[in-house]
Structure formats: structure tokens, C-alpha cells
Amino acid sequence: MAMFEVRGLCKNFGGLTAISQLNLEVEEGEIRGVIGPNGAGKTTLFSVISGVYKPTRGKIVYLGKEMSGLKSSQIAARGVVRTFQRTALFHHFTVMDNVLVARHLRAKGGLFRTIFGTSRRIDMEQEKKALEIIDFMGLSHLKDELADNLPHGHQRALGIAVALASEPKLLMLDEPVTGMDPTETQHMTDLIKKIRDEWAMTILLVEHDMKVVMGICDKISVLNFGKKLAEGLPQQILDNPDVIEAYLGGEDVVALLGGEEAVA
Amino acid sequence: MLKHKVLSIIGVVALIAVMSVLPFFAREYYVEILIIFLINVILAASYRLIATTGDWTLCHVILMGAGAYASALMAKYFGWPFWMTAPLAGATVGLVGLGIVYPMLRTVGFGFFITSLAVGEFIRLSWIKFHNPFGGPRGMINIPEVGIIGSIDFYEAIPYYFMTLVITLVCLLILYRIDRSRIGKAFKSIYEDSVLAESIGINVGRYRSFAFVIGSFFAGIAGALLAHRLGAIDPHIFGLDEMVYLLVWVIVGGSTTFAGPIIGVAVMTILFEWTRPLMEWRPLFFGVILIGFLIFMPGGLESLVPKFTRLFGNRKASQARAEEPAGAKKSVV
Amino acid sequence: MELTTFVQTIANSVISGSIYATVAVGLALAFGVMQMANHAHGEFFMLGAYVVYVFYALGGMPFPLAVLMAIPTIAALGLLTERLIFRPTRGNVLAGFMATAGLTWILQVLAGRIWGLGFMKMIPTPYMGSATIAGAQIGLQRILIVPAAVILLGLLWFFLHRVRLGKGLRACAQDPDAAALQGISINKMTALAMGIAGAYAGVAGALMAPIHAVTPYMGRDLLITAFIIVIVGGMASIEGAVLAAFILGFIHTFVTTIFDATSAVMVGVAFMAFILIVKPTGLMGRVKA
Amino acid sequence: MEHDVKFISAIGGNPADATHPFLTKKKVFYATLISTDIMPDRPYLIGGGDVTPRIDMLRPLYHKINNPELKRWAVTSQDDTIGLTCQAWEVGAAMAEGWDIVYDKHFSGETEDFAPVVTAILATKPDVVSLNLTYPTYVTLIIEQLYLQGFKGIISANYIDTESVMQKVPIEYMADRKCANSFPLFDDPWWGEPSWQHEFIKEWNTKYGPGAPGDVHRKITGIDWDHVIMLKVWAHGAQLAGSFDPDEILKALRAAPSIPTILGPGVMYGKDMWGIDNMVSPPIPIAEVKADCKCKRIQAHLKFEQWFESRKDMIIKVVKEKGQYFDQRK
């Protein structure tokens, strides 16, 4: 059975329905794209899964365990961690501290160790691990800089580094490449692949940039008005008339995706 | 970075040296002032620890009072010695903190602030209400002195001063370690972005109450020191005015760096003594200072340090600030 | 509790509820509009009482006139506070609150310096004697407070629901950003809110002057009550504040009659804690405290 | 102690608690108005300038003599040290004089509105409402409520500030309620002319009265002349002893057959009340509010000691039951 499942999920805000009767199955090691027009409920989905909102109805099952209704921190502890659309960082922390805080779940060493300074060894390990992650995200040259002072691209990268640092098994990325130039985007895309391959993580990805989605996703789910419109391999999605109708408003897909490379 | 460290260590050592010779040159009255000063340092530093999570409270002075009462009761009715009652007072207040923080956690920011005022008042009124054991409005009298240990009479000012100095240093060391530890970082991360903190596995609710409980513990220690020095305590010396004075210290000093509140206490204590002649005008004077700082120097005195270091072309300035989460402008809320 | 005692206590409760309401609505309104809370609100109340002391007790002006004098005087003080303290600290509610805590000290000292400390100020009761209502004897001076409060609250309601300016104020209280988009000037609205808050606190103090012990510190204990009311009512909700004011009025009066005032305040706080646990947004509030 | 202080005069109450061990160690002669501060372990503290609680113990006697038919005695005061202790002594005395105590509670110092408090008192249908050591501000507000809620019996208090009560209540009401207290006026013709009392009040008015250089913007209060009593006593003691040594002064005062005070000749007394004879005990005037002069006029001048000796066993028993005897207040 799937590593992660969403069954009959509904989320209403007062009157309006953000998500209705949504089912989703994600296999271990998969990169799953979640796409859809603005207001389709993608980010709401992330917020519900990560426990920011409680689902109105439905189940969220992870590794066979019901997870709906838990606090974000508990969900993170189970190994499901999300990033945010906004560049969510600890802006007045250094890059290093941002990652170290995120090591929190994995680091031991309670109050007394802290007070009597016997947590040195642990701290060392943590710093080693943190540096590894920072290096992986290509930020090592900035490790003592204030997150606030970083250029946008690096801030996005740091956002992911923070999520990685808590060592999730399922990583949920909310529009990781927004506002990046083509080079940065390419770099980020490769990183996401590497995360899956080298860190053995399953990835749930919300993204507007079709190139990225088509490029790295094994499977794509299309949302529209909170419902699942279609699901399948990138190519299938591209060929799906409903998707083209609803999502791309019937325009010439190929053109929109910038020619053959996308189709390929 | 290393140079920076060495310098600060030298600074601290020098400060301790000064503090240890000072009483020998001061009149008895000023030694008493120094004792109260040290107690207030513990109070302010522990207050800052709670504030690093973004939770500013209005009941910290009352928690100190709880410590004073707890220690006084234990010393008076069980005849326990100070070295026992002080930590136990801390523990008691820690528990009190744990108890009251629960409803308070339902609120954030200003709601938390104002709720803490009401909850604190509840505690203070309970001392007035329950004559037994708290002694009602009169409070508690004849609180046992620390007494003679070995050949030293701790009723005398100078020995008590040194005892207080040692306890204060220990408290500060612990608070500093917590501040710098992963726990301290978790506190600050909540202040920075509680949603993000929660999403990476930091249980915001638990850590907020954790900070509150630790802060309460040290407030309790401060209270014990106060009670056994004054020999008599009553509910009125832990009122809202005293709480606002604590805010003045923290705001004048700044809450971003560990040293900030301590600087605040030092400067304000000097001003307080200096303005003694104009007793009845003093609150007005401090009111003006409070408003002035909040409007014109919200970062407090500490916010001058980076400015100066930048003046002297020190590139490390940004790092110096980087060690701390909250930029000066954010030091409140 | 005997019937007459019970009726008497009901009457006392309604009276204190009326005063609480008059004081608390300003606080709630100001908080709603500018998301700032005024620690000196209690001192506005205190100065309102001093206005009556000066114009009526010392100046020999007729009592009702003296009470009306409190409205512009303290409203002006409210405007000043908004301009000099709340505007510079806008967006930082704690800073604004602490700064006004400083203002509290300033006003208390000034009142003490100008009019002296020591015993309460002597203010002759304008309407001596008492009326018997359903076996309860209530001083005319106190009965007066109830219609006064009803009129004041009615006026406020009318202003907020029927007058364009007032509607704008309510729009701000509900959603400042949206209001700003509709071209409502936030600065103007916050000033207006503080003016009203001042006026209401002032007139409440003025009405209480002959009944309450008039001292520079008379606002202090009221402040905590007022904030408990605002929290219980739901931070920005005026209707909630009125409702909570009367609930607190009854709690305080009954507990004081049966036990004592200390217990009364304690029960009030416990009630607040209870509300926060079961309904963090307060009785009629939308936003979390 | 930079300045070699020989004598401190203070109102007392909480401040005394904190300073006491220190002052005792340094052998500083310390006078407090409120005799509840007197303790055996505070040998150099004398009190009693404020005639409390003796006046509160004699008012039941006074009212009993004048109204033997009345029975129901209600008493209240704020719940602080002096309130608790003095009310205990008053209740003891009232019971010794055969009053039924129908109300014996304390209101909180936090009280904002006295309507509920008075409602509770009147619910007990008292003949006399005694305010014991209630602070003047509260006295005014409580009498106002008694008036508004239609109390028809006798009002009795430790101290009534007639001037401020008149602002709230018709003077006739106070007169009809026989409003009694034990703080006399020193321009009361009762003292006789010329008299030390009249001289004193004149002097005070020229110094601090309206228009005077040190104008304090208020009439003389009990507190003011209380200080004078103690200073006078100390000076007298120092004269007798011919030294400033506190032990000598105390010895001299205790030996003296009578000590001059503003209320008349007193003696050092109080062993049975405070565990040490450090209470200066002059005779006690009781004054009633009169409509004609809109002021208080002395009606009686009672000597405390003999009366107390005859009733003390019963009274002390009550005080001990209330846990307010000196050795219970540690």
C-alpha cells in the first residue's frame, strides 16, 4: 500500500469549500506534482496535511497511521514536513542557526545537559550535520550571514534546507522556484531531484512552473476548485483534454510550455 | 569572532572584579542598594528569557513575590535553612507558573500580556485574602534571617551581598547557557515565526510554557533573596508599579541581547538613587523616560552598541547582531 | 439572602455594570480601530472625576454642566495621547501599552501635585437622599448613573450604526485594511476612536466623582476590571464589552455582598480565565485575544 | 545610620515590621502611633499616641451607658493588621459590655463600592454600626451608604472626618445617628480656656493652616497631633532621665506617676495587651457630632485602666480566639 494517503478529504472555511472529496496516494520515493489554477486548493491541501488547519472531513494516513488532527509539530515528528509559499525563514537568525534550529527534532540534549554543558558532543554532531545540509544547498559560503540579508534565490534554498534539516521522509515543497531566474530554477530543479535520490525522500510538490513540474515529477495530480480533475504521468496530463480545458483554458499547450523540450 | 569572545570574557571578569571590591568602598546604605540591584538583575534576566519567545508578561514581579512568600513560609513554619528554601521557592514558583500559563497560552501578543496582568493580580489578591498562611494585607513579618553560617553573620550587609552576588552569577550563567542552547534557539524561533517553528517540529505551546516556567523559577529565586533581606514582605511591594519598573529596565536596556536588561537595571538603579531627592516627582520622570525610549529608541541602550561598532568600522557588527534573533526594532512584540 | 437584600444587590449590580460599560466601551472601540490598548484609560476616568472636582466642588458650576465639561476635556486628552504616543508606536500594541503605562505615572503624579494627595477630595453630593425601588433603597446620585449610561451607550450605538463617520469607524474596527482601501483615513479614525474613548472614560469618572473616593489613584483598580471586561467581551467587540461589563458588575457586587471585594476581583479573573479556555475569542469577539 | 538618630516617629504598620530588627539592634527609640506595633521583642518601641484600640474598646461602654435598651452591635473595618487587631479588641469589649455581635467582618482594602458592604451589614438589623479603625476615606463612604440605605440606629467610629462626611450626608443625619468618635477637636470649649490644647491648635493653624507658610491645604488630622503626643512623651522622658539613653528614658517614663499628653495625664501601660508596658495611656475623650456647630463635641472623658482590669479576662479570651493577641501575631 501507498506510503501516504489522503482519503475523502474535505476542508470548508465557513461557507466556501476549499477542498472536497479529495483522494491522493503517494508511493515511497516518488516525486508527486500537485498543480492547478490559483485558488484550486493546492496550498490549503498542504496546510491541512501539515496540520495548520484541521480537515473538515476525511482521513490523512501516513505509513498506515491516521494523522489527521495532529499538531504540525507532531506531524513533523512523524516525518512529514512542508515548506511555505512565502519565504518563511527565521529572518534574524544566521543561515547556520536557521538550520540548527530545524535540527531540533533530531537533536537530543535536554535542559540539564544544556546547563551543565555536557551536550557539547551532541552540539558538535549537530553542527556537522547542519554544515552538510548547508553545503548541499550550496550556501556554505553564507553560513554566518543573516537570513534576512540573503538574495531571494538563496532564501528559497535556505527555506528548503530548514525543512531538510528536520529529516522528513515526506517533504512537501510549496512553489520552490517562484521568483527565480532560469539558472536558479534549473539549479533548484536538480537539487530537488538530488534530495529524492541522495536523501531517499518522497516529495510532494506544488508548482506553477510547468517546465519544472513536467521535468521532475513522476506523477502529477491536477486540482480544480478543490476537486481532483486528473492524475497521471506528465505526458498523460499534457494530453488530458479536461486539463487543457480547465487549467490551460484551451490554448496551445505546446506553445505554452515552450516547445518540444517540455513535451519530451 | 574569537577576538570578540576573548574581549567579552575579559569584560565579564573585570565586571565581577569591580562588583567584588565595590562594597568595601560603599556606605552600608549603598551595599543594601547593591543587594537589591543584584536581585533585580536576576529578575530582569529571567524576564528576558520568557520574552525571547515573544511572550511579554505583566506578572513577573508577582511571581517574584510568590518566591518570597514561598521561601518565607518554609523558613518560618518548617524552619528550613535558606540554602534549602531558596531553590524550593524557585521550584514552587515554577509550578505556579506551569499552573497559570495554561489559560494564558490561549492568547498571544497583547492578549497574553494583559491576561498575565489579570492572572498575576489573582495571585496577589490571594495573599491579601488568605490571612492564613500569607498574613493578609500586612503580609509576613519576622521572616528568619539567613543567619550565621560558619563564622559569618549573613544579617550583616556585606556577607549577604556576596552571597547574593554568587547566586546571581550562577543564575546568569545558567540563563546564558539556556539562551545559547538549542532550547534558547527554539524559544527565539517561536518569536521569529511560530508557524515555521511548529512546521519543523517545535511544539510551540510546550516551549512557550517551558520558557515561562524557567523564567518563573528564577523569579522565585530572586524573591527568596528579597524576602530574607527585607525580613518582612507584604502584597503591596509586588504591585503593578513595580512591574512597570521592571518593564522600564528591560526597555531601557533592550531585550535583544543577554546583556540588555542587565544594562537597563544598572542605569535605572543609578537614576533611581540619583532622583531620590525628588521622590514624589519620580514616577513622572520615569514615565517620561519610558515613553521616550519606546518612541525614540525602541531598541534600548543595547541598540547603540552595533551603531558604535559600525562607527569604528567593525565589520563584525552584522554578525554581532546576527547572534541574536530579534532586530532592535522588533525587540517588543 | 433576604429579598430586600437581594433586590438591593441587584440594584447595586446594575449601577456598577452601567459604569463598567461606560468605561469599557471606549477601550474596546479604540482597540478595535487601532489595535492599540491604552493603559492610561483608568487615569482618563480619574481626571474626569477631577474635572467635576474643579468645576463643581471648587468652581461652583452646576453638577450636570461640570459633568459635560469632562467630555471635551478628556476627549482632548485622548486625541493628544493618540497623536503623541499611539501614532509613533502604531502597529506595536505592546509598545503603545507600555508607553501609556508611562503616561499613567505622569498623570497620577500631576494630579497629586496639583490637587494634593492624602484623603479623598471633598465633593458635595449634588442630589442627596435616596429613592425606594421595590424595597431597595438607592441613592439618587447612583440611580442617575443608569439613565446616563443608557443615553451614552445609545448615542454611541446611534453614531456607529447611523452616522456615516461612525460607520467608517466600525468598518475600521472590523477590518482596517479594507477600510483603508475604501479611502477611509486610518489616522482620522484612530484619532476619532481615542477621542470617543477619552470622552466616555472622562464622563464616567465625572459621574462617579460624588460617589467614588476621588484620589489620583482611583483609576488603577478600574483598569484591570476594564481589561478583563474587554477580554471577556472579545477584544474589539463593543457589544461584547457592554455584555461583559454587566456580567462583571453582577459578579463583583454579589461576591462583595456575600464575601468581600478581594474575592470579587478574584472571581472576576477566574471567570476571565474560564472564558479564555472555553472560548479564546471572548463572548462576542472574532479575533483571538 | 549615618546621622545619629535618637528618636523616630512614624505612623507604623507595615513599615515598622521591616525596620524593627535593625532599629532594635541599634537601640533606636522608636515611637509609633498604632499600639499594635508594640511587641515584647521591640523594647524601644513605644506607642499609643493613637488611642486605638482603647477608644474602640470604650465606645461599646459609652453607648451601653447611654442606650442600655439596645443590643445588636455590628462592627467592620478594613482587613489589614490594625483593622484585624483593633476589631478583635473591640468585639471583646463589646461582648464584655453585653452587646450581641451581629456583624463582625472585614471589608477588603480593595473595595471600590461600599454599597454592597453596607447592604450586607444592614441585612443583620444592627442597633449600632461601629466602624472601628476604618480609614477616614472609607468612613465617609460607608456613612454615606448608611444614610442612603436608610440606617436608623447609632453610628460609632474610631475617627470621623466630619468635614468630608458633611459633603455626602446632611449634618442632621449624623447628629441623629449620634455619630460618635474619639478624635476630639482641640478648639472644643470643653478643654477650657486657656488650655494647652487650644494653644496647640492655634499654633498649628498659624504654621500649617490656610494661608500659612506651610499650608497643607487641609485641616489638622488625628495623625498630626498623634506625632506631637509621642514627641512630647519622649522629651518628657528624656528630661526625667536626664539622658538620651533609651533604657534610661523608658525606666523614667515607667516610674513616672503621670505623663503629660495632649489628651491629659497618661501612664505607661499595656503588659496585658502587648506583653510590655510600652503603651502610653492617657484618658480617652469621646465626641459626638452636633448639628448646631456642625462639628464634634466632647461628651465624655473615660479612664481606661481600671475599666480594663475589671473586664480583661473576658476580653483577652475573645482576642485570643480571634488569633490577634500579641503572641499570636508573630
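A, B, C and D are the chain letters, set down in written order, and residue numbers restart from 1 in every chain.
Convention: a contact is a pair of C-beta atoms (placed from the backbone, for glycine too) under 8 Å apart; a residue touches a chain by one contact, two chains touch by 3 or more.
What you are looking at is a predicted structure, and each value in this text was computed from that prediction instead of being measured.
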Quiz item: Going only between touching chains, how few steps reach chain C from chain A?
Solution: 2
Practice problem: State the pair with the higher C-beta contact count; candidates are B-C and C-D. | Solution: B-C
Quiz prompt | Centre distance in Å when chain A and chain D are each reduced to the mean of their C-alpha atoms | solution = 78
Quiz item: Could you state the distance in Å from the CA-based centre of chain B to that of chain C?
Solution: 33
Quiz item: Which whole number of Å gives the spacing of the CA centres of chain C and chain D?
Solution: 38
Self-check item: Distance from the mean Cα position of chain D to that of chain B, given in whole angstrom
Solution: 42
Quiz item: Which residues belonging to chain A are in contact with no fewer than two other chains?
Solution: none
Practice problem: Among the residues of chain D, pick out those that touch two or more other chains and give their numbers. | Solution: 79, 108, 110
Quiz item: Among the residues of chain C, which ones contact at least 2 other chains?
Solution: 260, 262-263, 265
Quiz item: Chain pairs in touch?
Solution: A-B, B-C, B-D, C-D
Self-check item: Parts of chain B lying in touch with chain D, wherever the complex brings them together
Solution: 27, 29, 125, 128-129, 131, 136-139, 141-142, 145, 155, 230-232, 234, 236
Quiz prompt | Touching residues on chain B, where the partner in the complex is chain A | solution = 174, 177-178, 181-183, 185-186, 188-189, 192-193, 195-205, 214, 318-319, 321-327, 330
Quiz prompt | Contact footprint of chain B on chain A as seen in their complex | solution = 50, 52, 71-74, 76-77, 81-82, 84, 88-94, 97, 100-105, 107, 109, 111, 114-115, 117, 119, 123, 126, 144-146, 148-149, 162-163, 165-166
Quiz item: In their shared complex, at which residues does chain B touch chain C?
Solution: 56, 102-104, 106-111, 113-115, 117-119, 121-122, 125-126, 128-129, 240-241, 244, 247, 251, 280-281, 283-284, 286-291, 294-295, 298, 332-333
Exercise. Using the touch rule from the top, collect the residues of chain C that touch chain B in their complex.
Key: 37, 85, 88-89, 92-95, 97-99, 101-106, 108-110, 112-113, 220, 224, 227-228, 231, 235, 260, 262-263, 265-266, 269-270, 272-273, 276-277, 280, 288-289
